[in-house]
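As written, the chains take the letters A, B, C, D, E and F, and residue 1 is the first residue of each chain.
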């Protein structure tokens, strides 16, 4: 008897019960103000993941030795932001309730907000490590409180002062940098200072949010708002390894891949590869 | 003394006081469920309009003999649908209050709703002629009442039974076709029946909404949801001429150009050309 | 409990036991000599099928009223032609053995050969209706007997004289047209003569193979070898309806969509739409 | 001993002495005002010609039965218009002096001027048949007398009144249409009236200039200034056949293919196919 | 009363009288020999500038604190090189006469020549700092003295020996490198030596010409002649800061962005960002 | 008398008798499993080579001082792997028999196998230096022994243990890395260790195979399987110089350029430039 067609991120086809990490997609980009398309990110990552290997020569680990599960994309209502966010939060709660680690593929960065809501509900002491080109600390964007550009501000309202650590930030308006000074720990331009942060967070519960546009646009053009002067893939890979091997990741995401701006496929392939490294670095 | 850079649709640089028609852009596509990008439509039309001539050999009229004005694009808040629609409605009211005809460049089709609100406020007897590949008569789309897929349903709530005339419709779900039967006049697949409708509406107030995807995708690929089997450009051009020379156009729009899917520029050029024909056909 | 991600052609998610038609993909284009990429066809059709509706206003039928099943893509070995063809033949045999109709998404046209082998094995009296821009009647192509350019020649070796009916053919070398004269019924350039053929094949077993490049490149650019001067989508749609409502379809395919040449998505959308019409036309 | 790499339009590899028609490329687009790129036309046509067959099922003739020669592209100096035109004129004179028919691949339409100069030098009674979307009858364009937009005006200065026959014209400014009325025979929009013109020119010397943008942009997007509402490929093919079988072609060109706007390759393939039909229709 | 649509580079909408820097576009690429398209540069930079912020976290300055003015694009006649260059020179003279700093967006590199002519007319002691991948020191290119490939040679004829400082040069023919040895100061491959040059030019009048292809093609693909092995964005940004904070910039340009080769938009975004840094670095 | 059109890699138009290096293209990609298109590599390199200079400022050498010959592309039968490989081997043998150095442009990496067969036939002591992102050491790929993914395994069967030196490798399955440990010398991720290898191979016969995907995808996106984290162009250029000035190159190739994934042309330009450096570095 033939089986109905299944499609998962490469090697994420474990039995649900066995899975340590559960992937899902949040194909939402309704508040994107400049160039939309992050909604197509999860599908592209799933589909192009078959161009990478399951084995990492960097970590000498193979995905086939672990149990990952891909639960597919949510169907989110465009133009109804709150409703979409609620659907995301519910999925994250479900995964957490099953004792598994939720790994969300965005979508625009706003999708991180409901994930943090759900994670904070379970782990009230959670810290957030945030890689991004943009500070995302605005109070609102053109009047919208729920916006990709204010997502970390909203997260700060949940987790409070000095629990958000930003790296690679190289764009924002003057006010958000000003506002952030006393409330979040912003490391501009690079990963300088990451060692110290990891040292301090050793063994603690951390939600990790990766806005892929932290990468230099030369290595990652496939995003809505490319910002010249970013970090290199190998720097990102090593930063991920450092974090994941030292803190306790309780939830994570990779957002803002917009495949329409990735004509060559290079960005999608890089996204898949860093996802593989994230998955493997978490496994002991 | 040098002037600050102005950019208008070709030959739409009259003095505001003189203008008979006032163009504006509504770069909004927040409820687009499939492929976004209609937000880029108005800018693309303005920019590429310099590839067409101001003279129409079809009508033997020249835009430079009339007074058109391009008031630019609204800045609309993504993710806040009602707020964006209000901004559009206000712009249309302003233009109508000045005794001019508003011509809106979309954006997704939902932007027609606030335009119809404003027009109906001034002309309570208005009829709507609607060219489109899609019926857009759903009551809601994934729970959203304000959606491109339900825009004509919302318009019907304003203008009432038997005041909407649809042509070229070749896609929809079974329910919307069913629902529409008693309430709107749907001419499927082509412009068959347009003669009769124009006859009946002769001299009456009409809002004309052109979803450019009524065109066959071979002639107009630059749209979010291409539907094979559409009408040809010359058919559209003649239909526009027939309507505009016989009814009293009190407001109009051209929506759903999504230039990212128009790599060759052919769709944008066609959109500009039909806009020229619309502008000139209205002029006596 | 969350489900592993499934992905099917729209509304092809019946239980296998109930399914009347079983879809599968044959992502193979190893013998394509000019521009490869048909291997990406099945995935693209599946993914973009969500841009069309399940309801056909042409047929007034809805896919959700019937039972279709999508069994996914075969994993075929590139560079090993015979091995790949065997895998395809086996899949078709499996579906036929279950009393269901196999519907294959190509892939290059050579994939039709193993499907015809399997169908002929069950229905030795089968006729073939073949829509294409190219005759595909060469004895070999650069020495290769198993080639997209000789697939109908190979099929003729199976079904014999006067059992293949070609329509829309507008390209080939002089020899293949010459050779075909006595052996296959070739209708050049259009669907002229289809009425008579359908009349003669009424109620008989027919394998239908649709090389999508029979469509004019203006409506279907997404193919390896575009040939100007083809048929229009509406002509194809009506031809399909005529055939499917009169003969007994025992197997079918749609091949040669090469999505990399379909930057706008128009070709993929057209392919999905004609597949919907094929599926619905078969249902009584 | 290995040969240095040769590259010709398909089947245009005769010995020079035997050749009846000599092709060359004029990769020039220096005066193109809107979107450049016609300079890439000749190379693209040569390269993609291997996607078509040498045999025409429309004419039942095969290129391999005749002697065509491809002499390659001229190296033209951009920014020095007169110098470039002189180089073209010299190439055409060389070919004419050898008793052969020159077939030029453009480049922008201005390249027709030096070809007409050379042809008129040998055949002072020459008529011109001109297929185009644009009238090209301006006296100058932004002060430039030598411009793609004024090429037929310049040709008229050479051949005089009533010797230019235009078809398919659907764009221009009011003045050029006005000016042309007494001096050239302009058939707007289509090939209507071609029968009569061919009748009158039977057996006479004709230079044929094909601006490929006469085709509808749906079939030919690959050009700098697409104009909706053009002719279909099959109409063009039949018009060419009618002309070429009745008049005496003494020189010809195909211009304005701009392959960068032909992402799918459909336009280049259509250009190659109409070139084949032109070459074969000339042969008795 | 509605305003006619204005479009400027982001935050360059001061009153003309207040403006310290005046931007204009020179959309000219008529002598480009390889791949044209730099004519589209100024429009693209203006349009995409809204994807960057007005605040620079590198300089801790905000564009909204200063007065910049964008006077739009010149309308230049293609194919008439001298005429186009004169129009550019006149615009630069106008801006200089008003006591403001002209900032030109190219266009191909030849547009620098008339700007240098105008600047040298006012500041006869001007030095030129030139960032580029190409030496541009040829005496002529295919006979053309006015060519992108000979622009610095022409500038040398104006400013004389030892007043041109080149950096990042990694392409040219042997002769131009040879010729330049005694006459211009060429720093190959990188910014090595810039410190010393800036030291020597401290407080002096400098025209700065930035051919954006000095950037590595990985960070800046959107140009006609990409040359592997270039400088990184952050190196460029720091070099600009060093120069602009130490010398007296009396005129400047950024040329050779060709947006058609920038499918992802990354190059245009980088160009906008470096323009912001240039504008802000000049402000005390 | 006009010459038939010739097209060679820039400055590779020597007389055959004089040529020291003979280029040919192997446009084959039949076993490519992920994204095909390397078949278009040789043509693209030849055509775009005119965008680079013949002079290298890195080496201070000019191609016009040496004798290179471009013998064009083989016509290879797709879908018949062995037959295609035999045709390649024969071409390499011909070139070697004439006492010249064969330089093959791929095509997928499998084309290296027949080149190594031919070279090993003449130089039984040959070593192989292999730059690549992928190990290519699988025994088979989906059952195919002749596959791009197993090409170095097949080469190892010819040259034996410890004669293959790999650099830049950053992808593969666990088994191939394991297998290779005792048999080939794999330098992962970078060119670390190249000095020592070159030292050991000084003056010895070496076949050099360059899979261009060894470059970081930011500098070389135009390939089927991009792998983030690669080497930079300048590193590659210097590595090539080191090798070519010290060992005795007896054959070489540059493979896996897939121009369809190189929309900007940056990869093709980089490939041309490294080919120039390879050609010049070989010349004493």
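Methods note: contacts are C-beta pairs under 8 Å (C-beta built on N, C-alpha and C of every residue); 3 or more make two chains touch, one makes a residue touch a chain.
Since the structure is predicted, the reported quantities are computational estimates derived from the model, not experimental observations.
Novice: Enumerate, in label order, the chains that touch subunit D and subunit E alike.
Specialist: For subunit D paired with subunit E, the chains in contact with each are B, F, in label order.
Novice: Could you work out how far subunit B has to rotate to sit on subunit C, using CA atoms and steps of 5 degrees?
Specialist: The two chains, subunit B and subunit C, differ by a rotation of 120 degrees.
Novice: Report the inter-centroid distance (CA atoms only) between subunit C and subunit F in whole Å.
Specialist: Each chain reduced to its C-alpha mean, subunit C and subunit F end up 39 Å apart.
Novice: Averaging over Cα atoms per chain, report the distance between subunit B and subunit F in Å.
Specialist: So the centre of subunit B lies 55 Å away from the centre of subunit F.
Novice: Hey, what residues on subunit B touch two or more of the other chains?
Specialist: 216, 218-219, 263
Novice: Should the pattern of chain-chain touching be classed as line, ring, star, complete or other?
Specialist: other
Novice: Touching residues of subunit C toward subunit D in the complex: what are they?
Specialist: Those in contact with subunit D are residues 34-35, 169-174, 177, 188-189, 216-219, 221-222, 225-229, 261-263.
Novice: What residues of subunit C sit close enough to touch subunit B in their complex?
Specialist: Touching subunit B: residues 50-55, 57-58, 62, 216, 218-219, 233-234, 237, 263-266, 269-270, 273-274 of subunit C.
Novice: Looking at the complex, which residues from subunit B come into contact with subunit A?
Specialist: These residues of subunit B touch subunit A: 29-33, 36-37, 39, 75-81, 83, 110, 141-144, 146-147, 260.
Novice: Which residues of subunit A touch subunit C in the complex?
Specialist: On the subunit A side, the touching residues are 1-8, 13, 16, 22, 24, 43, 46-47, 69-73, 94-95.
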